[in-house]
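Which chain is which? They are A, B, C, D and E, in the order written, and residues in each are numbered from 1.
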Amino acid sequence: MYCGYCVGLGGLQGARGFVNPCSSLRLEALAAERGGKAVFTDVSVNVEARTLLRVLGPNGAGKTTLLRILAGLGAPSAGSVQWRAPDDSERSPNEAAMFAGHANAMNEALTVAENLSYAAALAGIDCTPMNLRRALTQLGVEKLINRRFGSLSQGQRKRASLARLLLRAQAGERAWLLDEPFVALDTDTQAQLAALIGEELAAGAIVVLTSHQAVAINAPKMQELML
Amino acid sequence: MNWESWSAFWDMGGRGFFVWGSYGALLIAVVAELLSLRSARKAAIRSLHDDHETL
Amino acid sequence: MTTKQKRLALILGGMGVLAAAVALVLTAFNQNLVFFFTPTQITSKEAPIGRVFRLGGMVETGSVKREGVNVSFRVTDTAQIVPVTYSGILPDLFKEGKGVVAQGTLGDDGVFRAKEVLAKHDENYMPPEAATAVERATKAREMASKTLKQ
Amino acid sequence: MARTEQQSNDKFAGRWFWRYAAPAAFYPLAGKIEKIGWVLAVVLAAIGLYMGFFVAPTDATQGEVYRVIFIHVPAAWMTMVIYLAMAFWAGTGLVLGTRLSFMMSHALAPTGAIMAVVALWTGSLWGRPTWGTYWVWDARITSTLILFFLYVGYMALSAAFDDKKKGDRASALIALVGAINVPIIYFSVKWWTTLHQGSSVRPGSSSMATTMLWAMLIMTFAFWAYCVAAAMHRLRTQIIEREAGAAWLDGATK
Amino acid sequence: MSLRAATGAVFRREMQLFARRKSDWANPIVFFLIVCSLFPFAVGSESEKLKLIGIGVIFVGALLASMLSLPRLFEEDARDGSLELMLASSEPLAVLILARITALSLGLGAALTVATPVFALFYALPFDVAGMLALSVALAVPTLLLIGAIAAALLVSARGGAILTAVLVLPLTIPTLIFGAGAALRVLNGQSPVAELALQGAFLLLALALCPLAAAAALKISTD
């Protein structure tokens, strides 16, 4: 069902006409605990399409915990998370969003292509070699496609692993959950990622982001959540 | 009464080592458990009240 | 496939695998989970000839004859008797009138050639009082059938 | 999927189980049970030992050494009973998410392990004069040994997590896995040991002399009482550790 | 059919890793070899004695060797973050884990199975016994990995992984050990090993049905 999107995509500019107009994310009275102690309680927020949600708070406030719950990687101790498709049907976190944590989620012994198609298959994305190449091209690392991940430099690794997010975007559902995405990036890559996020948002995505760095992102709508 | 004298009792028909070795082991196990129970409780209460003082 | 169908398929698959496991266990138990045959079973030809199996019963009083390491004795369940030959060292607890389990093969001549003889005195706790041998033999048979059912 | 404690509390509101599922409510009750347990253990042990040593007669075949059964058999039974109880509370904890169930499991494990050691030790000392060997790879002995390993694994696992809640659930899972495996292991070992070690001709009637039986039963109840008391004591200690900061504890521990 | 795609991807990746990193299967084999060759030094080189202990030593060696590869089931993925891909997937986690263990069993199981009859020569075991031992090992390795997966999943985020895995897994492997070695012992005694093989098969199927579920629950607990 996503093939139409994939074939029709000619980079992000072309994608705009096809995006889902109003996927949404709703958190209701969300609470989480760790080791029996409450991390945060009663977090309620509504996020519409084209919105950048910045999750703020000091260390240990539960920013990562919140993102993991949104991605379906952890269970809340109370409250609910709802991802909704444009037709208001409910989505599983995995169908709706792609999570990028501190680690690259790439195995060093495998090539970039092998790693990415593994990630795509588990996310339920139908990923053709063409899609893969296009995603890597957008990040300027298409030459690394058949290199082993372990042989790449830190910057190359980060870019290659971000391609995962673009695969999700190509498949039509576009929500990104980014945990400290700018850490350990050089300024060029930071700017490039910020631009990508901006384009995604403009194309109708939801991006939830935690960051200690003040990187400017051009977002149509911006919400802040203080934990 | 089974025993003619205390020494007969301790001798257990020549099997004193095995009988008293068993009962002795039980005694040691029980005493050790009781001591550990007590020390664990003491430590728990101490840390509980320490917490309160620092608050 | 919807999630529900998927789950159903998985549950059915799991059940199938479990059923196959049960079938295999039953196969195994049909094979040779007989702990021992009693002399009565052996005389009624229930025990396999030429294959290794175990014989259980009581050592008949006065039947033990030793010639060096070669021993012959008779095992009884009070109803039937099976002669046994064995060469080797008998366990200390091997006594006439006590229980014995011998592992070996039954020859065409009806003599049980034991490769291993095991004995254990019973585990009753009581002041002197002997259960009759007949009772024991029935119990032994019951025990054998019980273990078969397990 | 994971039901939280609050939700389940609402669902079963009013039932006695849930009233005492709260550590604060159970703490005083556990204290009472513990006290009764200690008293019963001491009294029953005194009676049982008196009967065992002074009333019960000498065994016909084994002589005096059989008197080990008055502690050996109860310890062996407790090893199994405590494991079952531990697995039961672990399962309850996993399904209902009640904190107290996990604590109950944790409180039982060390006593169970000690019982296993006592059963093995006394069994071995008993086996030497009767069977002629300290150790036989008999089905019961071997499965008690394995139970001991399972206890150790359970305790080691629950201690391996810094996050107590994770440790609770992880060790509960392994307790359940063990519970499924124990019967399989028991029958495997039973078959194995009869294959290679030979089966014993099991006793016909197990009619123990009445005084022997009574002494053993009374000792068994003494062991039960002791184990319950020890578990309750440990449970209370855990409540103190884990509920630190709760106001009610201050009064309760002063 | 994204379930097929997902399980296929998990399986393929495990196989790719197996092909890419020779040490993954070479290390257990070398360990196996060392264990098997140490025992004769300790017990002497008398062939009757060796025959008797050989079956047991080889089987325990195979058991320990397959335990060596347990950490790579989840721990490595947890470190580089790719475990999260599996956890976040909407496909049933138990099935993904099963795919993973299947791949590992095929790789490691094949390696150990091939090595077994060769090592049986050290112990003067006849060919039919060596063959039965290889079959036993082939049946046992997947069972051991399935059981081990539960412990590996529990210990993803715990301290003291290696020893604790052994403490948790080894007692549970006793039935497999008994009947695995038992089958070969039967052949050595000139008896039929069918009962032992059937039971081994039963354990494998039982583990196949239950262990992935338990491992999935364990993984959720330890990564929550």
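One rule holds in what follows: a residue touches a chain if its C-beta (ideal position, glycine included) is under 8 Å from a C-beta of that chain, and two chains touch if they have at least 3 such contacts.
Since this is a predicted model, take the numbers as computed values, not measurements.
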Contacts common to chain C and chain D (chain labels): E
Chain whose average C-alpha position is farthest from chain D's own: A
Most centrally placed chain, judged by C-alpha centres: E
Chain whose Cα centroid lies at the greatest distance from that of chain B: A
Centre distance in Å when chain C and chain E are each reduced to the mean of their C-alpha atoms: 34
Approximate Å spacing (C-alpha centroids) for the pair chain B, chain C: 43
Inter-centroid spacing, chain D versus chain A (mean Cα positions, whole Å): 50
Touching two or more other chains - residue numbers and ranges from chain C: 33
Per-residue multi-chain contacts in chain B, two or more chains: none
Sites on chain E at which at least two other chains make contact: 199, 203, 206, 224
Interfacial residue positions of chain E with respect to chain A in the complex: 2, 5-6, 8-10, 12-13, 16-17, 20-21, 76-77, 79-82, 84-91, 96, 223-224
Residues of chain B defined as touching chain D within the complex: 1-3, 9, 12-15, 17-19, 21-23, 25-26, 29-30, 32-34, 36-37, 40-41, 44-45, 47-49, 51-52
Complex interface listing, chain D residues touching chain E: 146, 149-150, 152-153, 156-157, 160-162, 166, 169-170, 173-174, 177-178, 180-181, 184-185, 188-189, 191-192, 195-196
List of chain C residues in touch with chain E within their complex: 1, 6-7, 10, 14, 17-18, 20-22, 24-25, 27-29, 31-33, 51-52
Sites on chain A touched by chain E in the complex: 71-75, 92-95, 99, 101-110, 114-115, 117-119, 121-124, 126
